[in-house]
Amino acid sequence: MSNLEVERSIEAILMVVDEPVSEVILAQVLEKPVEEIEIALAHLITTYDDRGFALRKVNGGWRFYSNPDYHAAVEKFVLDGQQSRLTQAALETLSVIAYRQPVSRARVSAIRGVNVEAVMKTLVTRGLVEESGIEHESGAILYKTTSYFLERLGLSSLEDLPALAPYLPNLDGLDEILDSLTD
Amino acid sequence: MSNLEVERSIEAILMVVDEPVSEVILAQVLEKPVEEIEIALAHLITTYDDRGFALRKVNGGWRFYSNPDYHAAVEKFVLDGQQSRLTQAALETLSVIAYRQPVSRARVSAIRGVNVEAVMKTLVTRGLVEESGIEHESGAILYKTTSYFLERLGLSSLEDLPALAPYLPNLDGLDEILDSLTD
Amino acid sequence: MDLSLEESADVNAASGAFSVHLDNFDGPFDLLLQLISRHKMDITEISLSLVTDEFIAFIRSLEASGEGWRLDQATEFLVVAATLLDLKAARLLPSGEVDDEEDLALLEARDILFARLLQYRAFKEIAATFSERIITADKFFPRVVALDPTLSALLPEVLIGVGPQRFAAIAERVLTPKTIPLVSVEHLHLPLVSVAEESRLVVEALRRSKSMSFRNLVSDADNTLVVVARFLALLDLYRQGVLRFDQVVALGELQISWTGSQEGDVEVTDEFDIPVFLVQDEPSEGSANV
């Protein structure tokens, strides 16, 4: 793998990760010495000099961020573009989490039939959903609703959620069906 | 705001969004005509030609993606990235629905020449196809493709589906065949 | 052409797809279909019963090898074979100049048959491009990041927008497994009808009354399969020149007159009566591993 390919691979990875990534992890994945990764990162930074984004090391890891020079545009976008009302997709995902919590993202995805990654992130950002431990077998992160969710829905506790119709398949049956689908 | 500033602002915004953003929203936030935003996006794309990432419009909105040339490196980071493959039967049924929507199951069956019940069920469960009202005369349920379908195919809208015409012989060819039959 | 044909036959043999071996054609079934639809081959020169025999042998060999039924191939074969049979029937029927409405109607019927065949092929090819697109799209990973805390702090309070009852209704809808209505398949399990048997009945009836309408000939049929079998028997007898068709107006009464001998055996075709053993409760197409 050439220097250029190392740089492009680092860009590709950092463009899709949410959490900052350390040089050591990048070195492991790309099977290159850490020094080489450091040189590549240092060179990459210079190529973004006149861009709307920047590559920064925060908290021991690397991530792309917006360039602070364009902070005004980003703020305006967040305030204008984001609706305070939840989208239909967010509502549906939230309802699955509320009635099946604690639940992993993969399980919510299987029930909704679509990738819910972006919607889950929005729900966490909006403070309606939070992490709640790890599923033992799979090691997947589990999610539950927050007290802010109850507050926004006007409920005093989860027990006040209206009961679902009894004809819905119980959790065991549903799990079986879902497992057969995600095979 | 100069052209360069518009481009840099777009980059800054797209770096923080959790959902694809349309030209119209970008135009509103940056207070520029939509045409100018389109020109800026088209130019930005060319500046990423030799990068590890790419700017793409999928399902009506723009966002950053990793460059597919480096997908192997990215896959090591993405845990639930593995998408299960569709069978040939599912693909063929999906293609009929995509081009004939909204369409009843009976009509899809007639074109495919086989019972498509199980396949339709899978496509609905997978979130690729959904119900879309009732056919007036027959009372049959109509089906259409979803926005998730567009996402999975990397299409920006249904209009971007490849034209069906090249796959069907032109009228001249058909006439020739018909002429030879009446010899 | 021979070279490319052999090559593609080999490729297909390797991939386990169905190939056809006839005197005048040797290669994959799909290629045969292509040649016919581009009119590089005459449909009347293809023995459909031979192709069918080969296909059944192909399926049997898969069974024997332990691989079991290839339902996708079997259903594809059936739809293409049915269309080819339609075409062949249309081709074999006598036709003259296109100068009256009947001929025009016949021509239209062929037009529709071809359109159906070509449409089927078009969607098959489009499906391949769908597959490629999905593979390509899967290599693009989107940037999906949570909003930075400094930015999310700017957001107004979230509005769920529905009350608890409405929220529960949404959960119910989402959590209910998605199903679509079932279709009755009882009509697929009608008792089998033998064309050879029906042919004997038809000959008997025609010898008795010399001339009768098709309506009368099938008046005692208790299901559509019997009607179809008697019609196929008539087409076969017509080919042997032992009867005559008269139809005064298009879609009018079809009158059949016996012109053959009053006694003795009439050759009875077994072309349509290749035994087919249906496996009960075979899952329908695609239910296994879509």
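A, B and C label the chains in the order they appear, each numbered from 1.
Convention: a contact is a pair of C-beta atoms (placed from the backbone, for glycine too) under 8 Å apart; a residue touches a chain by one contact, two chains touch by 3 or more.
Remember, predicted model here, so these are calculated numbers, not experimental data.
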Farthest chain (mean CA position) relative to subunit C: A
Two chains sharing the most C-beta contacts: B-C
Most central chain, judged by mean C-alpha position against the global CA mean: B
Chain centre separation (subunit A, subunit C; CA means) in Å: 47
Subunit A and subunit B, separation of their C-alpha mean positions in angstrom: 23
Centroid spacing, where centroids are CA-atom means, of subunit B and subunit C in whole angstrom: 30
Residues of subunit C whose C-beta touches two or more other chains: 141-148, 151, 177-178
Touching two or more other chains - residues of subunit B: 15-16, 18, 53, 64-66, 71, 74, 78, 124-125, 151
Touching residues (chain side subunit B, partner subunit C) in the complex: 14-16, 18, 53-54, 56, 58, 63-66, 68, 71, 74, 78, 81, 83, 86-96, 98-99, 105, 111-122, 124-125, 141, 151-155, 162, 164, 167-169, 173-174, 176-178, 180-182
Of all residues in subunit C, those that touch subunit A in their complex: 141-148, 151-152, 154-165, 167-168, 170-172, 174-178
Subunit A-facing residues of subunit B, complex: 4-5, 7-13, 15-19, 21, 25, 28-30, 50-53, 64-67, 69-71, 73-74, 76-78, 80, 84, 124-127, 146, 148, 151
Subunit B-facing residues of subunit C, complex: 37-39, 72, 75-76, 78-80, 82-83, 90-91, 95, 98, 103, 107, 110-111, 114-115, 118-131, 133-134, 136-148, 151, 177-183, 185, 283-287, 289-290
